[in-house]
Structures are given as structure tokens and as C-alpha cells.
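Heads up, the next two complexes both have subunit A, just with different partners, subunit B and then subunit C.
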Partner chain A sequence: MLNLLRGRKLDQQIIVLILFILIFLSFAVFLPGFISAGNILTLVRSVSVLGILGLGMAIVVIGRGIDLSMIATLAVPAAWVMTLAGAGYPPVLAILAGLAFAIATGVLNGVLVAYAEIPALFATLAVGIGIAGIGQSGLFEYDIVAWPPALDSISWIGRGVILGIPYSILAFLAAALVVHIFLKKTRMGFFIYALGDNLLAARITGVRVRPIIILQYVMASVIALFAGLVLAASSANMDTRIFNLTWIYDVILVVVLGGIGLSGGRGGVWNVIIGTLLIGTIINGMTIMNVSFEGQNLVRGMVLLAALMTDSILNPRNEETAKQGDI
Partner chain B sequence: MKPVLEMRKITKLYGKAAAVSEVDFDLHPGEVHAILGENGAGKSTLTKMMAGVVHPTSGQILLNGDEINIRTPAEAVELGIAMVFQETSLVPSMTVAQNLFLGNEKFFNRIRGTNITAQQFMQSLSFDVDPTQIVASLGAAQKQMVEIARAMLLEARVIVFDEPTATLTPEEKRHFFNLVETLKSHSVAVIFISHALEEALEISDRITILRDGRHVVTDKTSSFNRDRIVQSMVGRELTQELYENRKTKIRPAGERILSIENLRVGGVVKNNSLSVFKGQVTGIFGLVGSGRTETFKVVSGVIKRNYRNGGEVILKGKPVRYLVPAQGVRDGIAYVTEDRKIEGFFETMSIKQNVFAGLMGKAQLARFWLRKSKMDELGEKWVKALQVKSVTQNANVIELSGGNQQKAVIAKSLVQEPELIIFDEPTRGVDVGAIAEIHNIINQLADEGRAVVVISSYLPEVMQLSDRLLVARQGKIVEEFSPLDATEEKLMYAAVH
Partner chain C sequence: MSQTLKKLRYKYWPDHIFGEILQKPWMETAVPLIVLIFTIVFFSAQIDNFISANNLSDNFRQAAELGFVVLGISLVLIVGGIDLSVASIFALCNLLVLYCMHVWQMPLIGAVSVTLLLGAALGAINGILIGYFRMRAFLTTMVTLIVFKAIHDLLNVKVAVAISSNFPDSPAWDRMGYGAILSIPTVVWAFGILAIFTHIFLTRLRYGWWLLAVGGNRRSAYNTGLPVNRIVALSYVASGVLTAASAIFYAARLASPGADTGKGLEITVLTAAILGGIRLGGGKGSVMKAILGTLIILLITNGLLRMATPAGTSRIILATILLLAATLDIRWFKNRHKAVQELYVSPALLELPGLSKDATSPDSDYAPNERLHDVEIIGLGQVEAPEDVVLDEDDNLYCGSRHGDIIRFFAPDYKRHEVYARIGGQPLGMTFDAEYNLYVCVGGMGLYRVTRDRKVELVTDETNRHFLSIIDDSRLRLADDLDILPDGRILFSEATVRYEMHEWPTDALEGRGNGRIIMYDPKQNKTTTVLRNLIFPNGIVVASDKQSILFAESWNCTIKRYWFEGPKKGKVEMVIPNLPGYPDNINRASDGNYWLAIMGMRSQVFDLSMRKPGFRRRMSKQLPGDEWLAPNINIGCIVKFNEAGEILDVLWDRQGINHPMITSMREHKGYLYIGGITNNRIGRLKLDDADETYVSSGKYHVG
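After this line comes the complex of A and B, so read on.
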């Protein structure tokens, strides 16, 4: 029983990995066009943005929070950077302004959650809607902002290809590396695990929990901005109406499916990578099969349910495991 | 007399590990049978098998001589076996009467009718609880009465109490013992699981002792004394001096490290004043609700002190007011909580990581990168120093026994090198062997010259450990004793009157 508990994370990781390989292979065999170079490129590109968002979400979820404002933070600050650069401001200044916007969003989220003690679900939902509103009412002329020529010097992050590998997947891997180092090798990362595991214990131990909660939301926002720039560069524009889509659920799905428990303190970057691969493949395959939007949602819901059920069958949480040490 | 309940060669395996192994047990009607043993000895598992919560791997359970197979707790209740858990299973927002008839209501439920039936039934048991009261407004002892009444209403012949007195004040305990007498007079068989050996000696007729899932001895209570019980429970002689109530040597008071003046916290702590000195153990005895915990939570910064009329906390001659515990930790205060599961340890982390969290919680040691080698080194050092026993080095703290979890929490605080250490109920839910070891740690800290505060509602504990004994009552310290002339009666008298 103890061995099963200890192998918990690994178990779900491996199951999802095997599932991914099975689905990928069956798509490759049965789905014409799936394995073509063009499609793999599309898959990888869409997956990389989702994966980058998943990394940001993972940091927050490990700290026992959730950030529903990530899609708004992906769209609005990135589009603002493009608008500013398009209006003639120096690209560096535009990017710094966007960064400041993203950080401010993260700080706002963090303050609402840590100091005002509003549940993260509602605080970030409200902030997300607010940010989208600011963008749509004040910052942009049209809903769709085009990638300005002034920023062409950095358009490679979404468009470029090196040795056949698109830069966007490299951007995902780079972000994954940075987040991994942050979570596993730094003091702040350790604290995020600690407060996600037990906030009160972390507090009594002398961790200043509120600044760290703010930090985790700031990181999520900055990562969302990065994802936004990659996305805009790859599609040459940013549709700020993206906020209205259900993309945020995919991000949460990636995190949960990969095995990062919503109860906090568990999981890491590997879980995000595996979850991303699986979800990306399923969505891409369904798009090729011309499955309707509603049908896709149905499948996604089933996948999430299946993941949760597998987890609870493998790691039953009954009274005995809950009251360890008192057999 | 024929036993009402009998277990023969009962075994419960979890994987390959036996929680209970070939235990024989019998229970007579109208007797109080105490089951004692360290944490992990198999007491809970044994009784859960009677109550249908856990299913035996092999062996027989006989009720009135017939073999039975209990599949669910509901079946056990039908057979007349009820279990009263540590956490009460009453619905807090309903009245006593509603709780009594919960699940057995008539289709058309008359409130007045149930109230009257409940009233009559409570009177027949001579329980003094008003059936129209909301359960949430009852005290712990009264809740227990309702639970017992519910079991009696379902015609239970066997009632199992798991740690019934852990949350009770001494007065309420007295009352509970009276309840047990009432049950006996109705010839109900009572099983009593407890860590409090004195209580078992006082109210039980027979005692069964388990060790590592095996049956050690069953005998009449009159043939036991504390030493024999402890010896059978742990299977070894404990260091005798720790179990001698009398303290003969008092450590002299060192420098005054902390003084509290007119501290006020909500309505719980009222004008509390006290001092703590280095090189000594200051024992704080008081009942639940006497404001002991709140006072020291303010000292360590867990609770914020009211700015305008909260009184003064003076640490090493300087007035302090902490907003977060991090400031207290920085100034060398460590608070070891009374509720380790809720605010003590990190359950997904290993012992090493828990200890390391303590080190990094101290601001002076701040650095950007983690050092894994430092973590391993510290972890090993503290596991050795505090004799934390675990299956493997990397076992998560949640998998350890209560005593070892407590040691991990203590290590997490001690790694911060505190000057003032506050232990709140340091041995609650800790097995007998580990209690002695934790007491050793506390004594050692005082010998090293640190200031130690021990808050406890367990009299023998404060009497053995303290060099100064303070008694808290209704939000303030009311009396100070020297352990040389304190008696349990004097302390209790000060705490309740």
C-alpha cells in the first residue's frame, strides 16, 4: 500500500504517457493526413502555446490556487505590445509596457487572493473579465490586432524553424526548463510546494505566504504574456476575442490530466508536458476527423473523467489511507 | 457468564503487513473492557472489524455464540454493535431529538411527538440534555450523551468508544464515567479504547493489551497497575525516572526572555500577565478554553495582537508586535502546534523536506537556490537526533505514526535554533514510547539553556517537566506553583475554581 502511495505521481504520468502513445499511433495509422509534415507542425504549434499556458497554471495549482484570467492575460497585454509597436514606439519599450501590464494583472490577482482572501476561482474570473474589457474598450481599435512589421525582429519565436523544429516548440521547452528550475531548484519554488501542501504549516514555519501567493500569480501572468506573443507571432495576429472561448478549460485539463492534483503541493513540469501531449493530440485528431465543437467538448469531458477515475481506482483514498499511522 | 461478543483468531492484513494478527477477544454483557496499546498496535482495527467498517482477513466473530459476518456498519448497528467515534457523527444544525431519530423518522414526522419521545428516553437514561436544543450548542460531553442515547435507542448491546475522553474537560470526564456506569446498569457491554491509562484503570473491569497487532494479555483490572500496563504495551522497561511524578531538582531561572503584560485576545484572554525565563521549562496547565493556546499564539505571531488594547509582549526587554509568524521565527521563537495535521507538517513531503522547510523559513538563512546536499545532511542529522523511525528515508510524513510525525514537527522547529520554544500539547495522540522520548527532548532543550514553554492539559506531563508551574483559568494565569510542592489536586483546584 505504501509503495502504491509513493508511486502516485509516477503512476498517473505513465498511464497518461502510454495513453498518448496509443492514441498517437492509432491516429497515425487510421487517420489520413494526421502524420503529414504540415499537420504535425500545426499540432506542435497549437500544443506549444497550450503547454506554455499549462506551465503557468501548474505553478498556481501547485500553490493551491487557480488562475482563470490567463487567457485574458495572454490576449490583452500581447495585443497591447503589438499595438504600441505598430504605433511607432520602440519594440523594447512596447514589450516592457506589456510586461508591466502582465505583472500588474498578476499582482492584482495575488492581492485579491492573498490579502482580500477572495477564493481564487472568483477573483481571477473577475480580473480576467475586467482585463478583457479594458482591452476591448480602450486599448485596441479592432478586435483583431495584426502583428506589426516593427516586431518582425522577434517574430521567429512563433514562426521560425531550426533544423526542422519550429521555434514555438523550443519556446515551450525553454519555458518548461525555466519553470522546472524555478520549482525544483529555488527556495521560492520550494515555498510554493510548501504552501500548496499546507498553508497554515508554512505560515507557522516562518514562510511569508502572502508575497509568495502574489509571486505565483505574477509568474502565471508573465508566462501567459509569453504564450500570447508566441501565439501572435505564429498566426501573425492576435484575436482578442479569444477570451470568450473555452480555452481556459483546456489549460486546466492539461494540468489535471498530467497529474497535478488540484489539492496542491503535488506534481511538476513533467506532468504538464505529458498532459499537453495527450490533449494536443486528441484535439488535433478530432479536428482532422471533423468532429463538431460540441462533440469535441464531449470527448474532452470524458477524457478528464476517465483520468480522475483511473487515479482514484489506483490510489483509493479511504479512511485507512486518510488516517495513516493509526492502524 | 456467556460472552456477548467473541472474536477467535481474528486477523487483518493490509497487503503483507498484519494490522491485527490472530487475536482472541471476548466481551461479557455489563462489563467495561478497555483495549490498550501504542499507536499502531491494532486497537482501532480490531474494533472497526466489530463495527463492520473493516473486514477481517481470517478468523471468526461470534455474537451470543452464533458466528456472524458483518459486512457494513449498518448491519453491525442492526446486530446491536455501535461505535462512538472520536469525531462525533451528529448533525450539528439539527436538534437533539432530530439527531436521535435520524434515519428512523416516520413518514409524517411530528416534531412535538419526537421531542416528547426523546425527552422520555433521555430521562430513562437519566441524561440531562434538552431534546429541543441544537446539537451545535452542546458541549463535548453532552454530544457524547446524545451519541450514546442514539446507540441505546437502536438497542445496542455493545458500544465501542474510541478515545472518548480526548476532547473532554475533567468535569466532563467525570460525567462520562457516570454515563458508562448507567450503560453497565442496562447490561450493555462497553469497549473503551484510550491512551489515558489512569482512566482505563479507573473505569474498566477488564483490560486487554495489544502490541504490534498481537494479543499480549487480558486480565481483571484489579491485577494491573500503571507499570504493568506500560510494560506490556511497550514490551520493555521504560526509564523509570520519567514516570516518577515527583521532580526533585529544579533548574534555576536564567535571564528573563519574555514577559507578557495585560494581554487581551478577543474574549478568550483577559489581562494575562506572565514571564518566561531561559534555562527552564515553564509549564502552563489549564483546561480547554483557558486561553493558554491563544496567549502563546500571540507571542509567536500566529495571531496578531490587538494594537490599541491588546496589552504588551516584551521579548528580551523590547516590546514586540508581530503581524506574521515569520517575524517571531526571525526573533528566535518557535511554536510547536497542538494540531500537527492542520498546521504542523507538510504531508506530501519527506521528513528531510519538512526539516528543510523549517531551515528555510528562517529569514537569515535566505538564499535563492536550494541546496539538496544540505537538505540530506540536515535530514539525516535530525532523524538521528530525535530517533524518528520511518520505513524509508523518503517516506512521506503522513505515513508515519503520530509520535514520529510529532518528532518531525519538532525537528522542523528546532532546526531554526530558537531561543524560546513553545510546545502546545506536545504529546497529544502520541504513543507511549515516543512520549518519553519527546519529554527527553524537552528536558535537553532546557538543559542547553533555552527557554521552553510546555502547554498541557495532562497533569503528570506538566508536573514532570516543569521547573515553574503556571495555572491558567478563564483567560489569565491565576496561580504559580513550584513543582516541588504542587500536587495534582492543588493544580486542578486552581484550574477549575
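After this line comes the complex of A and C, so read on.
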């Protein structure tokens, strides 16, 4: 631990890591039943979908964007896959159709941001509203789509357990590995960092930034579909009304709390994992303490505020280097 | 026939106003306005009574409520931040004002002030965190959104029953919610007054400009010494207060402590602001945009609701409209200047009479000679761009320079020089008044005066605006030459109101009457435009009757005479209709005649192109600016003429060595002093049989 800290700046990632360890330790000491293996698994499982969404959001945020349509993309294509499979289409076809839907959403987001140059915040917000609208207009018979027996062949991604570890945790880890390799080992991943850091410089050096912006939104959408299938498999249904914004705020918080700056070009998969664990620990601890939903929100908000404030005091913004339009 | 049509078309069709309208800052608001009009037209075609008084009053009531919040978030957006917490602030304030009125039975003033204070306090939390702790606006307000919402939810379950079971006895409170003054709802009045104040604040007051400055460029604002942290923090306070105001009206109307109060409000107001054209990232925005955005979003949502559109379809329609409007607005914002560039240059038809004789033939009035070949050179390499020259009573020589100074050469040998005064803009025409104060026309700045103790003073930099003008023609863009009347009034020319000084070739390409003659009256300190629509009016000199002036119109190649008083007041007469070149300054000669500088010779090609406006328009649209035709400014020539328009004498520098072009000349005690805006020297020429006591500036008026 100290080795990890030595020689590193006290940045947000480290602060959140320390915060996570402190909270984890104090819960372990003061909360009976927190440290048991069963509870730890519950903790991770409860946030694994949030973590998977965080991975998709991380790609977009590193490329200096934001994707507010992820919850809609989580719900609607996944529910469509289930509806199609339930209607008798072969599972492979149903999944391909859902994938096509998700990719189309990502391309739409990307085109609006990269070519129409609409601020990502606004473009993805509107696309999210539109996707939710499509979900509501006759695509599904009921708002809550049940997991069809035809898809039971893949239901293990949300339900199965291997060596005592639930598959949804493994799904999170697998997604984390894939995203990590993409970001750190491939040229495209490197370009995402480049354009997130300085879009104009990346463009001048010959990176074709617009297709890459589209790519990052497509990846986010596909990851959202994956998260949706994991969620649906684990709860055996998909509520298409979950299009609400508090959840997307959680996803953004996971990403940013872990240390991926909204100004882009910084951070990686580790940051998402740390952010997810912190949120998961807080939620889990408070659930054990039987704190009400509103109380949980309040405490969570205060913790986050404290983390953000510590970061801005330790790494104050420099007026000379602050980027215009950072919000 | 077609020639007549062409003449009529170029005389009456106002080509130039399209570019000028497009250039106005309020054209940025064009797209939201068009979207609003389309929305109204669409829904009134689809829904009966969409425009009925009842529905309108209802819509306006809601729009005004929403408008408070949109205005608040707009201020934050203008500073370059974002405020997502408005939804929770709204809910908390709604709860507080209801509790104050219903449960505590507080007087209205008390309840309203407490609630506004709560809004300010909640906004201040955001403001301190973002302004002083420099936290990221998006994240911070997102977290405070969650925190405030949690506080609201915790409180709401405790107080909701108490609120619903008590009712306030306050007619004023009811009037806030349902009342109307002159059949316009109270809330609309309140919002209207606030909107007008905010508009004045943002466009006319210093603190409003500070907001725009911080949003436009935070770093520059910081470096100019603005209290950036405080401005940012206060913008969130303003947003909190405005949200509280909205919540008060909402509470008065519905009296509902619902758990879902304000849910999704942050998205609605953000959408409204962006639809209105307020940019994320700061520095751009206006009250009008906020209002337009509010109306659009409200009419669309209410219209879809009244058409009984299924929730899913209406979401799809809303998203599509939002994306289309945003795309259109962003494209418009990005490409407007290109459209302006293409449309702004609007050539006019200018038919110069043909040259009667070859100007270079020995028997023409303008037969070339070499009389300027042997001028005495003053200040070679020491002056740059002496557009005009003038001499004082001690024979010291003054000229302007490209660097914005007035240089003085000392008599008698003009070997020594000093900077007489620093102006800051390029000095053009100059003259002394009877007390030897130096009056200077400064390009881009206006009319200035250098007093005898070398103090530089502004005389005038604005004139009355023409009621039909689209570009602001009250500012002086290119004051060019001047003369002073015996009673102290000053007449000066402004070459063009459409272009800056360095853009004079574009004005020449237009050949339009963009210039004017302006009179400054020192007794009343009043500046009035006396003559408009002149084609690059340049040199000006008071004629012998002291009731008229002679002035040169450069691109029109004419000298005209204008009576500003006396029996012929207001009349303009032609003096020389057809000069072979482009006239510049005019000054008096000792024998009662006039000297005229010619800065360049006409060419057949340019004359032809002036008769073909369509050709020049194509050129200006299809070619880059440095490949456009421009008039020749390439010759040194001075002409002496009389008031009857006869050419009496011509002086040429045919080889163009000393004076490749001449913009001014001044006779002083038997010598002619010569300046040119592209020259690096001043020429001096001994005149034969000239009056050796004659001076053309300063004391000449008296006597």
C-alpha cells in the first residue's frame, strides 16, 4: 500500500482509494456481518452492473465526451432481445438484432457529437429520450419484459456461480479486461486518449478524430447492452421504465470519483473499479445499517462532495491552464 | 431597355442590407425564433383553440414560472458553468414557502423573503464550492442535486400532511397564484420586469459584462483583474434565487408538497437554454434566447400533451425536434460569419464617363511632365505614411505616421524631428485652427485635437444615426480630411461607413455611396451628418464664399461643391466631372485656386468592371480577397484647378521615384509640401511666382 503511494502525487484516484480503505476498514470493525465472504460477494454483485456501465462511460469520458443515453441503451435493446427471443426468433438472431440496435444508437450519438458538433451532454440526453420513447411506443407488450426461456442458454451471465463467485462479477471483470486491453494496448484506444487530451492536436497529427468519436459511443452502447443482459438475466426481467436520470448520475459518479477527469484524456479501468468499490461499500454498509433510501442518498452525496473537495484543494485548478468550456 | 432595368435595379434594390442584417448580433437568435414560429404554426394547425386567450394565458403562466429557472441557469451557463441542482432547490423552496404560508401562517412578504433567502443560500453552497474551491460545476451540482433532493425527501414525509391540512388566509398569496393584472397573469408581469432588468444588466451594465467576460475567456478575465471566483459564485447564487422565485409562484398556483416536485426540471431548463441558443461553455447568451427556448420547450410539450400523443411517440418527437434545432443552431453559429463574408460585399453600378482624351498625350489638360522629379526631400526614411502635411506659424512641419504619432520637423532646414504627439491611430487629414490647435482626422478613431501644449483630446467620434441605417453608422469609422470655417465649425469627410481603414480596396470594389460629410459645431458640441451617400468622399476645402465646400469623391473621380448655408443651401454641384485619376486631398493655393492630389490613375479594366456589378459580385464570392481587382494607386500627380472646374496646372512625378503616389500637398510661403500615404518622405517644391507670405492653415482665416 505504502509502496503504491510512494512517489505518486496525491491525486483523486489515491484519495478515493484511501477513502475506500478507510470506510471498508471501519465497516469491517464496527459493522457485524460486513466482512463475511457472503456479504462481500453481495457487495460486488450489487454493483457489478453499475461497474460495467462505468466501463462504457469511462471510454467516452476519456475521449472528452459523456453518454447520458446509456440507461436507455441498457434497457431498450436488451428488452428487445428478450422480446424477440420470446417471440420465437433464434437467440443468436435476437442478440444480433439487439446488437444492431445498440450500435445504431452509438453511431447516432457519435454522428451528432462528431459531425453535427452538438455538445455531448445535450446530444446524448436527447438520444436517450428518443430511445426511451421508442421503447414505449409499441416495441414491447408490457413495460416489464420477462426473461424468456428461449434465452436460458445464456442466462448464466447473470445467474450462474462458478467456484463460489457469481458470474455477474466475472462478467464485470471480463468487461474490465477487454476495455483495459482496448484502451491500453490498441492503437484506437491510444487515439481516444489523444483526442480526449487535445482534440485539435490529435487532428493535426493526422488522427481521424470523428470516426474515433463515433467508435467510442458505439463501444459505450454495446457495453450498455451487455450490462442490460447481465441485469436482466440476474433479475429475470427488464423494467423498461428504468429510464430515469439518477442512475446515470451514479454511473458518472463511479467514473469521475475513480479519477477519470471529465476534461478527458486521463484515467483507465482501475479508476472505474475503485470508484465502483467505493460506491458499493457505502451502499452495502448503509443497507446493513438499515439507513433509508433518502438517507443513503444524503450520506453518499456528502461523501462524494468531500472527495471532490479534497481533490480540488490538493490539485487546485490553475487559471492559466484551465481549459475553456470545462464544466 | 435592359440597361435601364439594370440601372433601376442597382439604384433601388438594397443589396447591401442583407449582409448588414446578417451581421447583426441579434441574428444569432434567428434559429430559435424560426423554430418557435414553426412550433406555433404547426400546433395551431393541429389543435383547435391553440392560440385562444385561455390557453395562451395558461401557457404564459407556466412559461413565466419556467422562465425564472431558465434565466437562472442561463446566467450560470453564460459564466461557463452548469447548475443541475435547480430541480432540488426548486423542490426545497416549494416546500419551505408552503410551510411558511400554510403551517406558520407567515405574512406573504416574510414567507417570500425567507424562501428567496433559502434559494440564495443553496445557490451559495454551489457557488462557494465551484467559485472558491474551484470544483467542477457539472459534478458538484450533480452531487448537490442528489443531496438537496435527499433532504427534500426526508423533510417532505414529515411536513406534507401539515401543509395539506392547513390553508393560508392570504388574498395576496392567491393573487400571486391565479391573479392577473390587466388580464395578464401576475407571474408574467413579475417575469417580464425581471427579464427586462436582466437584459439591461447583461447588455448595458458593467457587472453583466463581467459575467460575459468570465464566460468568454476565463483566463483573460482573470488576467485583467476581474474577481473571477466571486463572479462565478454569484452566478450560482442568482440561479438559486431565481429558482426560489419560480418555486414561490409554483407553490402559490398548485399548493402541492408532492414528492416528485421539480423532478426532471434540470433537464427541461437545460434543454430550454440550449434550444434558445445559449452555449454550453460560456460567453454567449441573452435574455431573449432564454425566453425563446422556454417558449419552444413549453409549447412543444403542452402541444403534444393536448394532441393526446402517446408518451413514447411524444418522447421521440421531442428528441427529434431538440436534435434538429440544436444542429441547426450550432451550424448557424459556426457558419454565419462565412455567410456574412459572402453577402457583405455588394457592388453597385458605377458608370464613369469615358476618358475624353488619352491623358498622356502632350495636348491634354493633364499632359505629363517631370516637375516633381527634383523635389527637395525631407525626412527620408524617418517618416512612414505621411498622409497629410501641415505647417505652423513658425514654419515647422507636421505629418502623421503609420505608427499613430504626429511627427514635427523643425524649421528652417527640417533636418531635426520629434514626436509631437502620440495619437494611437493613423492620422489622416490635418489642419490648424486660428489658435494653432492641430485638428486631426484619425482613421478608425474619429476627430481629434492636439492643443498647443500637446494635449491630445477627442473632439468627436460619433454623429447622429440615420433612422434607416442597419449597421450602426453613429460611430466614425474612417474620418478622412477636414477644413475649419472662420467661425470654428469643422467640416470633415468620412470615406466609408461600411469598412475599416485597411479595407479601403473593398470599398473601391463596391463603388457604392458609403461615405458622408459631417459637421462638428464646437459651440453646441454637436456633430451632425450633413451629406450622405457619397462615393468615398476624401479631400475637403472651404470655398471662397465661405458658404460652401469643395470635396473630392475618390472612386467617382469627381470634384463637387456643396453649399452648407446661404441661398444655395443644401445644393450639390459638379465642379470637375471626369478626372483621369482618383482624387485625394484638396487644399487652397495662394492665387485663390485649389491644389488637388491625385493618388492613382484610372484604368480601362477597372472602369469596365465598375459598370459590371454582377462580375464584381462573382469575384468577391469566388475568389480570395487578395485576388480581387483594386484601383491603381500608383502615380504622383498634383493638379491645380479653379472653382469653375478648369484645370490650370499639372505637376507629375512620372517616374514615380520621389512620390510613387501623392495623397496631399500644402502651399506655404512659396513652397509646396507633398505627402503620400505610401511614402517614406515629404517632398518640398519651390513654386515660381507664388505669394511668399501665404499660409494655408492656421491664421489665414482671420483677415
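The criterion applied here is as follows: the second predicted complex is superposed on the first by the 291 of 327 C-alpha atoms of A that agree within 3 Å, B and C clash if a C-alpha of one lies under 4 Å from a C-alpha of the other, contacts with A are read in each partner's own complex, and residues count from 1 in each chain.
The rule is simple: a contact is a pair of C-beta atoms (placed from the backbone, for glycine too) under 8 Å apart; a residue touches a chain by one contact, two chains touch by 3 or more.
Because the structure is a prediction, the values reported are computed rather than measured.
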item	value
Contacts of A:194 with subunit B and subunit C, given as first, second, both or neither	first
First (subunit B), second (subunit C), both or neither touched by A:45	neither
Touched partner set for A:300, first subunit B, second subunit C, both or neither	second
Which superposed partner A:309 touches (first subunit B, second subunit C, both, neither)	second
Touched partner set for A:64, first subunit B, second subunit C, both or neither	neither
Touched partner set for A:126, first subunit B, second subunit C, both or neither	second
Subunit B versus subunit C as contact partner of A:205, first or second or both or neither	first
Touch count on subunit A, higher of subunit B and subunit C	C
Contacts of A:159 with subunit B and subunit C, given as first, second, both or neither	neither
Residues of subunit A at both interfaces, subunit B in one complex, subunit C in the other	319-320, 324-327
Complex interface listing, subunit A residues touching subunit B	1-2, 5-6, 184-191, 193-194, 197-198, 200-208, 210, 265-266, 319-320, 324-327
For the subunit A and subunit C complex, residues of the former touching the latter	112, 116-119, 121-123, 125-127, 129-130, 132-138, 245-246, 249, 252-253, 256, 262, 292, 294-295, 297-298, 300-302, 304-305, 308-309, 312-313, 316-317, 319-320, 322, 324-327
Of all residues in subunit B, those that touch subunit A in their complex	14-15, 17, 19, 39-40, 42, 44-45, 53-54, 300, 302, 324-326, 328-330, 335, 337, 342-349, 356-358, 360-363, 366-370, 391, 394-396, 398-402, 404-405, 412-413, 416
In the complex, subunit C residues that touch subunit A	80-82, 129, 133-140, 142-147, 149-151, 153-154, 217-219, 222, 228, 264, 267, 270-271, 274, 280-282, 310-320, 322-323, 326-327, 330-331, 334
